[in-house]
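Shown next, in structure tokens, is the structure this report addresses.
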Amino acid sequence: MDKINKIAILTGGGDCPGLNAVIRAATRTAVLKYGVEVAGFINGYKGLYLGHTVKLNMDKISGILPMGGTIIYTSNKTNLFQFPFVEEGETVYRDVSDVGVQNLKNAGIDALIVIGGDGTLTSARDFYRKGVKVVGVPKTIDNDLAYTDVSFGFDTAVSVATEAMDRLHTTAASHHRIMCLEVMGRYAGWIALEAGIAGGADAILIPEIPYDIEKVAEAVIRRRHAGKDFSIIVVAEGAKPISGEMVVSKLVEDSPDPIRLGGIATQVANELEAMVGLETRATILGHLQRGGTPTSNDRILSTRYGKAAVDLVMEGKFGHMVTLRGNRLSSAPLEDVIGNLKNVDPQGDMVETAKSIGISFGD
Amino acid sequence: MDKINKIAILTGGGDCPGLNAVIRAATRTAVLKYGVEVAGFINGYKGLYLGHTVKLNMDKISGILPMGGTIIYTSNKTNLFQFPFVEEGETVYRDVSDVGVQNLKNAGIDALIVIGGDGTLTSARDFYRKGVKVVGVPKTIDNDLAYTDVSFGFDTAVSVATEAMDRLHTTAASHHRIMCLEVMGRYAGWIALEAGIAGGADAILIPEIPYDIEKVAEAVIRRRHAGKDFSIIVVAEGAKPISGEMVVSKLVEDSPDPIRLGGIATQVANELEAMVGLETRATILGHLQRGGTPTSNDRILSTRYGKAAVDLVMEGKFGHMVTLRGNRLSSAPLEDVIGNLKNVDPQGDMVETAKSIGISFGD
Amino acid sequence: MDKINKIAILTGGGDCPGLNAVIRAATRTAVLKYGVEVAGFINGYKGLYLGHTVKLNMDKISGILPMGGTIIYTSNKTNLFQFPFVEEGETVYRDVSDVGVQNLKNAGIDALIVIGGDGTLTSARDFYRKGVKVVGVPKTIDNDLAYTDVSFGFDTAVSVATEAMDRLHTTAASHHRIMCLEVMGRYAGWIALEAGIAGGADAILIPEIPYDIEKVAEAVIRRRHAGKDFSIIVVAEGAKPISGEMVVSKLVEDSPDPIRLGGIATQVANELEAMVGLETRATILGHLQRGGTPTSNDRILSTRYGKAAVDLVMEGKFGHMVTLRGNRLSSAPLEDVIGNLKNVDPQGDMVETAKSIGISFGD
Amino acid sequence: MDKINKIAILTGGGDCPGLNAVIRAATRTAVLKYGVEVAGFINGYKGLYLGHTVKLNMDKISGILPMGGTIIYTSNKTNLFQFPFVEEGETVYRDVSDVGVQNLKNAGIDALIVIGGDGTLTSARDFYRKGVKVVGVPKTIDNDLAYTDVSFGFDTAVSVATEAMDRLHTTAASHHRIMCLEVMGRYAGWIALEAGIAGGADAILIPEIPYDIEKVAEAVIRRRHAGKDFSIIVVAEGAKPISGEMVVSKLVEDSPDPIRLGGIATQVANELEAMVGLETRATILGHLQRGGTPTSNDRILSTRYGKAAVDLVMEGKFGHMVTLRGNRLSSAPLEDVIGNLKNVDPQGDMVETAKSIGISFGD
């Protein structure tokens, strides 16, 4: 195995609390434990394409542990294997990954740590197939990447959503209202599920369990009969009704407008108001879940991932992604991880716990 | 002057952090300082109409200081002087205020403390005109009631909005984006102004200063030229462009759906994205500004107001509202307060401070 | 197996964020899932001795999820198997556990859920040996109970300590100081370890790794040579120097004064000041780690434990304690759990991670 | 008047949330509004003595608004008019202020903004007497500087103390304990008073109102008779008993050990435990009140002060300190401010409010 003298780090996709903590831990581990140089590509794969790097040393990463965001910036939907060019008024896609490979060589970079979600890691896998020494770090605020129990940023998102529920709770109670809170989770309902349990929701609607609005209304009415004329409902952005079409979520990363025009929480609110006869309000948390200082938990997880990624590099375990199973750090091949979604198990312990304490899933 | 043996408290209008602290301080002052009984009307003026009261004593108010909401509940838009009845399929409005006056007598209530905003206090004034011994406590999360420098709940709203800006900041910076945050303030831009200064906004758009979107774009572009390719813009829900029509705000209290369909922050975001060429995102804070535990500041202010309201009652200063001018508690006649909006002064010290540090108001 | 008609809950030992969430989840699960009645013993084992119970139903537990403390109160160091009586001026200890057993029968209680730490659970085991149908729930803010990966309250304590470090950090940097923060952990250093990683500590001193103050001083000096003339040091209250005597901790539960008189953080601070020549300050977090609203994480864990405890009762799995291994709920015999401390592994992944990023343990 | 081309800023004394916000606002105002250069002296007056400056421009101050501490560092007890030298084993004090004056000239600095408390501002006044163009900004976390209603950092300190009380509250209630919280305030009890009201204290002990421990005990016992067997007591570090000697506070800035050895809160706790028969605990907040991110309120106030200080400079109003009276920015001569303490008025509205709601001051 060739000696590793210089590692580069790249962050891709949406913002996620803990990115800086990963960068910090990876840099410190490389420098202090292995005496290896570190660089960062600016703006994710864009920086790889442009050969735009910045030196990462102890000074550069000083003070970034509690900070949200990423000091090396990120880009969305940048894929060097399908890079858009406008030619004669039309967009054509070309594979410019060779440029990235060449830039790695030019900069003397022996291995690349890619921090990202499914899309970003797919490119990482593709670069690995081309011979680049790649190690992945899972980044998904929705916590839906397979082969790892939990990813950083998720605890912060749940924490922000729970605090929002605490705030909505007092208003719901004072006004006898139904408050619907829409949280992230297009394909997996983890944030809604955990924030729903932590925030004392009366109903949780997630993509994995299609909901019957009548069942949700029944839960609210049952509460009313028990003397509680307010309810809190957490709705994952990807929740879908059991019958009829799914409301198309417009809260997508590449949209210029993240506010859904009559989205799922608003729809649920409107339907419940009509069915139950209580005032209803919808709130969409949106980007507040993605930014800001990470929880202590996320800072620890990020630090463990950053350190473990450098260890993988030094062990030569390329094409792998760091993982946490139970409380143990491990790794999994990117080939296995890609395209595998980790969904909420409708029969699993968490949903069962929620149901046991009386939370409705509308099923 | 007749002796006061029993005081009732009533909370009206939207939720506001500090309501419970007012109720607690008023009850403690009445019971401990004056040996007077206290009751609460349930659900605001609805409770007055229905004669629905609850005894407020030391036990009942125990532990409510840090809690958002109101333990005696509230109702919106209930006006006993224009109370809706449906007759032969049509809604007619009748003056049922005599029922309220009679209920006060029946319950042996000598004076009424009304905690509310302009609408709620207008009814309070009308009851005072009818001979009811009324004292008012100003409640406006927008901080737009005249004759008082600051009202409780406002500091909490600014604090929640500032924390939201801190979170959006890291995402804006990491992604080179413009983040637009819409905060409350239909007629007065206080929340936007203060949160904008506290959260490091690059532009603040408020109702008092109609904005020219080109000027806002210029400010963003100027920042770009100075090497900062992200911006944070705070938009009061009542902000309006200098030309053309105001976007009709749908985030109104009586709407079933508080999410604006293409509202002002979204419009500003869309226009800026087109003009500046940076990705843009909008977030609407909505009800998160209204609920939850009050800041220490708001707890103190609420406590001062609650105590002062009972003092006014015992001094026989009816028809007055408690106020805070500078750091001094005082009072003002409800007649003067009603209908008087306290707006941001475009030439005032706060706007001048904001402009001096480079914040654009789009003017 | 006899049918279970009524379950009682008892909380013992020191305060711990999440107790109310366990009580709430157990009550809801018992009532809603199994249709079983629930009671709470007031003041832990004292209440069992006095037959002092309170009915726990949906109303009683409403709104307690986000609250610290325990609505059924607790007592410290109460052991019915060795209960103190003063006779002729002397304290003698008697076994009064039969009174507790009789009180359970009198109140028609079929099974007892005991939420507590090692001491409280030892009594629970002893009652189980006497034939009482007992199920345990682990409660240790120090996270040092064996057979479970994590216990509720711990995440909150780490979170409070991390926030404290964030605050101390800015002062340390502005003043070129060494700030020593003493956190809980008499026998196990988990809080210090995790808060140290999350808060960016430069050194972490824990009971499991005796420290050499010279090594700690070297770490601080090394930082100085690298241009960083401030350091943050987290000290577990049970940390001990490699040589010489351990400083006797006076921060013990039964002491009237929790402020250590020249305790371990103060000693470390004084020694470092003398050795390094930087100003040093010590802060002792104390009870702030034990109270207040639990993190979202702790609320979820508490909810899972409360629900699982009732499941164990209904399955007849008595003498067991609920546990969480990896991400799976399970159980372990109280006999195995008692007296087994879960310590930080000096060779484990967490310590290795900390060392890899340059944190000194003084070894 | 000579033209101002370059302003320098200097921060002195203890840490205080908002210092960076003042520096940021002053720099932005100088650069953007007046086109004037800005420098910062490193480490307060030490930097002035050593001629150690750093350029402050838009880049340098970017991102510091939400950060505690001061990017230009500070020093304690440095007085160029009485500077210590060790000569033949003895410390002698010399006036080296001319060195400072010369360094200002050498660096081309036309005016100096000094941010500090009574000690720091006394030196500022002395430099002004020597002809230096000085403007002061009040910095006192205790809020005890005269001629200004409120100083930045104070709201953050009250907020941290209130949050601590919220945490202690649940433990006090669960354990039937008296919790004593010691907060800052050596000469003025503002933090104790405001946090006491905001946190629901049962007694508040401040320097301005000597306390009779028997009266405090009576208040606790009265609560017990009313069914509340726990109490929260806030003690300012400078609180003193009505008779007997004041406990000498060892929590002084220049002490190597900020932990009081049997200080005032501990003494109060011990005495109450003996008199009342409830378990008692003391917690000393210490440096946690001084660091970390400022509240939104403090960020606004700091911004206003920073901007106003530069305005004073440009108006040529030297020898003055910026002030806030009511809600209006103004200024006062340093000569008047120095040595004037702003104490809590025992007959004032705040104390009266606290007493009206049943809070004991032990008088």
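We call the chains A, B, C and D, going by the order they appear; numbering starts again at 1 in every chain.
Assume a contact is a pair of C-beta atoms (placed from the backbone, for glycine too) under 8 Å apart; a residue touches a chain by one contact, two chains touch by 3 or more.
Not measured: the values here are computed from a predicted model.
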Checklist entry - When you check each chain against chain A and chain B, which touch both of them? => result none
Checklist entry - Counting only C-alpha atoms to place each centre, which chain is farthest from chain B? => result C
Checklist outcome for this item: chain B to chain C, mean C-alpha position gap in Å, rounds to 41
Item to check | Centroid distance [mean C-alpha coordinates] between chain D and chain C, Å | outcome: 35
Checklist outcome for this item: The distance between the C-alpha centres of chain A and chain C, rounded to whole Å, is 31
Item to check | Contacts with 2+ other chains: residues of chain C | outcome: 163, 166
Checklist outcome for this item: Here the pairs of chains that touch are A-B, A-C, B-D, C-D
Next on the checklist: If we count contacts the way the header does, which residues on chain B are in touch with chain A in the complex?
Outcome noted: 11, 14-15, 17, 19, 43, 67-70, 73-76, 160, 163-164, 166-171, 173-176, 179, 256-263, 265-266, 269-270, 273, 279-284, 286-288, 290-293
Item to check | Sites on chain B touched by chain D in the complex | outcome: 24-25, 28-29, 32-33, 58-59, 62, 65-66, 149, 155, 158-159, 161-163, 166, 194-195, 197-200, 226-228, 295-297, 299-300, 303-304, 307-308, 310-311, 325-329, 349-350, 353, 356-358
